[in-house]
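First subunit A sits with subunit B, and in the next complex the same chain sits with subunit C.
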Partner chain A sequence: MTPGTASRIGWASVTPALLWTLAFFALPFLAMAIVSVYPKGGAGFSLANYGQFFTNPSYWRAMTNSIEVTAIVTVISVLLAYPFAWILAFVVPRRWQRLALMLAVLPFWTSYVVRSYAWLLVLAEKGVINTSLLELGAITEPLQLANTRTATVIGFVHFFVMLLTLTIYANLKQLSPNYRKAAADLGATPLQSFAHVILPLTLPGIMVGAFLTFVLAIGDYITPQILGGNNELLMPQLIMMQIGRRGDFSSASALSIILMVVVTLAYFACARWLRIERA
Partner chain B sequence: MTLHSLACRLAGASIAALTAFGLAGQASAADLNALVWCDHADPNLLKPFEDANGIKVNVKEFEGTGAGLAIIEQSQPGDWDVMVIDSIDVPRGVERGLFEPLPEDQLPMADLFPEVKMDASTVVDGKRYGITEKFGYNTIGFNKSKADPQDMQSLAVLTGDKYKGRIAIYDYYLPVIGMAAMAIGKKTTELTEADLPAIKEVLTKMKANAKAVTDVVASQTALATGEVDVLVGGGEWVTAGIAKENPDLDFSIPKEGAVLWSQSLAMFKDSKNKDMALKFIQYIMSPEGQARLATSSCYWGMPASSKAALNDEQKAILRFAEQPEFLKRAQPYPAPSEDLDKKMQDLWTEMIQAQ
Partner chain C sequence: MRTMIASVYAMALYGFIFLPVAMLVLFSFQGTLFPIPPFNGPSLRWYEAVLNDARLTSGLMNSILVAVTTSALATVLGFLSAWGFARFHLPGSALLRGLITLPLTVSYLIIGMGLLILFNWLGLPKSLIAAGIGHVVINLPLCFAIIYSQMGDHQANVERAARDLGASEIKVLLLITAPMLWPALFASFFLSMTFSWDEFVIAFLLTRFDTTLPVEIWNLLRAGLNPKTNAVGALVFGVSVMLAIIFELVALRRRNS
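And now, the complex of A and B:
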């Protein structure tokens, strides 16, 4: 094959992906960027929509709320998913692993909205948790669980633990058992073997899952809207609010771009682990 | 072409292509395409019209005028035939050149409750562009087995301590700001920027008492499940539809008044099916159509026509006989200027973020 032919085949292979990215990311992003600097009802070009984010405390608060919730969700999800993935990979007998994995992804089969409303009923004042605790005598008054940040975190964690489990499980399964054997031969305790050998080797899987969790959670509207009870606004809710009645796409675009900047920064923070290795 | 219009066209072209792709499988020239609120998607409402006219009504639901206008901007002229819109927002559609004047002589204008004709909004430059089809109140919805109905006769109860933690606030800034304004003796139609600090004070007190700020579905769920006992901004639209299952749910019109919501039907100027669009509007405004719309499975509301063919039980649930008295105390939605609207929305944002 001549270099020219190889080049043409290469371009032909990547062209659909490039066109897709151009049509569904680059052009819409460009449109959004331009719309964001022409405020609704304004005379022309202005950075007012960006300015309001930094000058209006309730807008700024939405971003800090989003980052706090997303960080909490990511950390809890990793802490729960890692041992779960470990058990799936190394403790569950091989013949049961397929079933266990299927059970792990079972929550994905339910509609995201339905799942959130289901959690609302579980966490409600007369929901399963409060009723059980009251009947057991553990509490005398129902706990305020629904319509709180805690409810939002629970809804998110339920979803993302599964996602993280899959990414970490895939990473763990790729590890040769010889690493653990070699560490043991060299006198490492199981804990030392995990801390100094297994964990560093599975860090890329953790970071990929954590990054996906961060990106998906920080841009999610449904879970905080249904479970959070609107007692605080996160960025996606603030963005939707601009559109609902007023149709202020300019302000919504500016806030969306600011959110994208945060996600980009998160990417750079994780880039060391997210890069695709080339052969 | 300015950069801004180029951007709008870029975004519009992308979304229009997707919208057209999505509609291609279901729409045909003989269909009626309706941009509606969820109450119009009830088969019990649409089927009699479809059967009588041998036509399919394709509905697309939306919430909020802004979202509706965005769908229109992303569509091709002629894609839509009729639209449901907040009565106060009819002029926004007229300004954009979207609507066709309606022939008053072919509509049952005389049957409408006079207070809900909303001519200040639905008539522009002497031409009628919208006809009110349904109305109700953003007021106090409550569970009368948990909350004292006497307490619900004043808006002051929403800022007092008695129901702290047992209140939800309907998440729509215009009607609740209207209620806050009435609580301090302001008229909803005369609000200015100078009134906002006092309104903020009322909203902040309401928020301190509230367990949640809820959308339509969550509002109904919160009241129905007993999560809260009082809903600020609630009314028959929350309680009537589930009255049979929850007969304790009710609403009051406090002494200070309530905010009157009303929805209108409008016909698109570029409709390719104007005769059928008018027939649809006439059907919705007929006594049978009004009764079915008023008792739609999505939410109930008062029919705009006093001739609606509701049975006695339905009339009792909607408190039909009390409407003249309710309407005397009702005030219209605030209809702020663009600038004041933005400030009101920001005020709402501050209220939600307040801890």
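And now, the complex of A and C:
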């Protein structure tokens, strides 16, 4: 095979995937960028849609809501998942670990839409929690749980605890047991060994998981729409509202691009942080 | 004592993780009109209602069709490109690989909306094909990343040997590379299937009358809490768990063999 043929075969094999990505990912993105600077019903080029984001308090509010909810979800999920992954990795007997882990992430396989609906069954006015509490006499009026930020957070945490348990478990299992043994030999208590040895070693993995949580949660429409309702809008809900109710693709595109910028900033914040950790 | 605390904590988390799914399945057997306590069943009337609902059954067929075809396409495209980048020195390779994996970082909502705008411009109507195109966009980077990571040098040597013995490139690809990489190909196809099977936003934006199961389930949600939604949700969960178990068994067999 001559170098010329080799490179022709190489290009031929990568071209279909590249073309697909260009045509159905890059081009749509370009279309979105163009649409975003020609506001609906406007005379021509204008950055009004971007300006609106900073001047219209309800748009700004959607972004701060999104960031708050996502940050809360990420922190709670990591705090719940870490000890759980630890137990699965070090307390559960070896032969049961695989089964225990598989059980822990089984509901992960429920359809995303169905999972949020299932939480509605639990949190609704006449749902399981309210009925049980009323019968126990702990409350006299049903609690408003569905259609609140709390419901959105619970739905998200449920999903991401499973995801993070998986990633943190994999992380913990990769550590050589010698680290813990060495720390113990040198006189560290289990708590010291955890704080000074295990935690720093697993931190990069946690950051990756946390970043994944942040990215997936901030772009999700389903959970806030089903569980949070329309009392308080998050960015994806605001974007869908622009498309659905108003047919305003221009404004929806601008908001999407702003959301992507925020995610990219988060990525760079995490990437730099991670690199420092590894050095 | 420590084991005690650990057990209690683990049980609490298992409880949290399984609570909604347990309620979903339990109240899918509800005998009355609302999936709320008290439970008065078991009854199969809502499963019957699901199977007699033409919209849900056609949504189910559409979902299977879209999942299988888009996963096959994404796996083939991912395989070809992974092979090309791993075996040939192409200028700008790192940049192009970055381009192929870029959609992984973008929310499905934004990918779906971009396609909607593009198809509007081109005058293409909403359809299952449009949604399928979107599903390939989200799954191709995944397939590429999985297969590319498994392209090792030992396989390159076997490929070279086959070429020296006179095999054409197509033969090398189909008879040598693909069989050696089958676990990665299987994992790619399988993961794509589960993502496509579950995907909602892209299908919601890009289909109209003929649509996928998650969109049909979404439409059911407008009726509020309804045991029929429980029944179809429990069925979908059952299918997914079955797929997970098959995947686990295949993965286990591979490790033991």
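In this section, the second predicted complex is superposed on the first by the 245 of 279 C-alpha atoms of A that agree within 3 Å, B and C clash if a C-alpha of one lies under 4 Å from a C-alpha of the other, contacts with A are read in each partner's own complex, and residues count from 1 in each chain.
Here is the rule we use: contacts are C-beta pairs under 8 Å (C-beta built on N, C-alpha and C of every residue); 3 or more make two chains touch, one makes a residue touch a chain.
Nothing here was measured: the structure is a model prediction, and the numbers come from that model.
K.L.:
With both complexes overlaid on chain A, does A:P83 touch subunit B (first), subunit C (second), both or neither?
P.N.:
After superposing on A, A:P83 lies in contact with subunit C but is clear of subunit B.
K.L.:
Look at A:L233 in the shared chain and tell me whether it touches subunit B only, subunit C only, both, or neither; answer first, second, both or neither.
P.N.:
Touch partner of A:L233: subunit B, not subunit C.
K.L.:
With both complexes superposed on chain A, which partner does A:Y50 reach: first (subunit B), second (subunit C), both or neither?
P.N.:
Neither partner.
K.L.:
Touch test for A:S58: subunit B only (first), subunit C only (second), both, or neither?
P.N.:
First partner only.
K.L.:
Who does A:Y267 touch here: subunit B (first), subunit C (second), both, or neither?
P.N.:
In the superposition, A:Y267 contacts subunit C only.
K.L.:
Quick one: name whichever of subunit B and subunit C touches more residues of subunit A.
P.N.:
If we count touched residues of subunit A for both partners, the winner is C.
K.L.:
Give one of first, second, both or neither to describe whether A:A124 is in contact with subunit B, with subunit C, with both, or with none.
P.N.:
Both subunit B and subunit C are touched by A:A124.
K.L.:
Go through the superposed model and pick first if A:R245 touches only subunit B, second if only subunit C, both, or neither.
P.N.:
After superposing on A, A:R245 lies in contact with subunit B but is clear of subunit C.
K.L.:
For A:W20 in the superposed arrangement: first (subunit B), second (subunit C), both or neither?
P.N.:
second
K.L.:
Tell me the contact category for A:M32 with respect to subunit B and subunit C: first, second, both or neither.
P.N.:
A:M32 sits against subunit B and subunit C alike.
K.L.:
On subunit A, which stretch or stretches are contacted by subunit B in one complex as well as by subunit C in the other?
P.N.:
24, 27-28, 31-32, 35, 117, 120-121, 124, 126, 226, 243, 249
K.L.:
Which residues of subunit A touch subunit B in their complex?
P.N.:
23-24, 27-28, 30-35, 38, 40-41, 56-59, 61-62, 117, 120-121, 124-126, 144, 146-147, 225-226, 229-233, 238, 241-249
K.L.:
Which subunit C residues qualify as touching subunit A in the complex?
P.N.:
3, 6, 9-10, 13-14, 16-21, 23-24, 27, 34-37, 77-78, 80-81, 83-85, 87-90, 96, 99-100, 102-103, 105-111, 113-118, 120-121, 133-134, 136-137, 140, 144, 163, 169, 194, 197-198, 200-201, 205, 213-214, 217-218, 221, 225, 229-230, 232-233, 236-237, 240-241, 243-244, 248
K.L.:
What residues of subunit B sit close enough to touch subunit A in their complex?
P.N.:
Where subunit B meets subunit A, its residues are 3-4, 6-8, 10-11, 14, 63-67, 69-70, 165, 171-174, 210-215, 218, 221, 225-227, 338-339, 341-342, 345-346, 348-350, 352-353, 355.
K.L.:
Quick check on the complex: what are the subunit A residues that touch subunit C?
P.N.:
Contact set of subunit A toward subunit C: 1, 6-7, 9-14, 16-18, 20-22, 24-29, 31-32, 35, 80, 83-84, 87-88, 91-92, 102-104, 106-107, 109-115, 117-122, 124, 126-128, 131-132, 158, 161-162, 215, 218-222, 226, 236, 239-240, 243, 249, 252-253, 256, 259-260, 263, 267.
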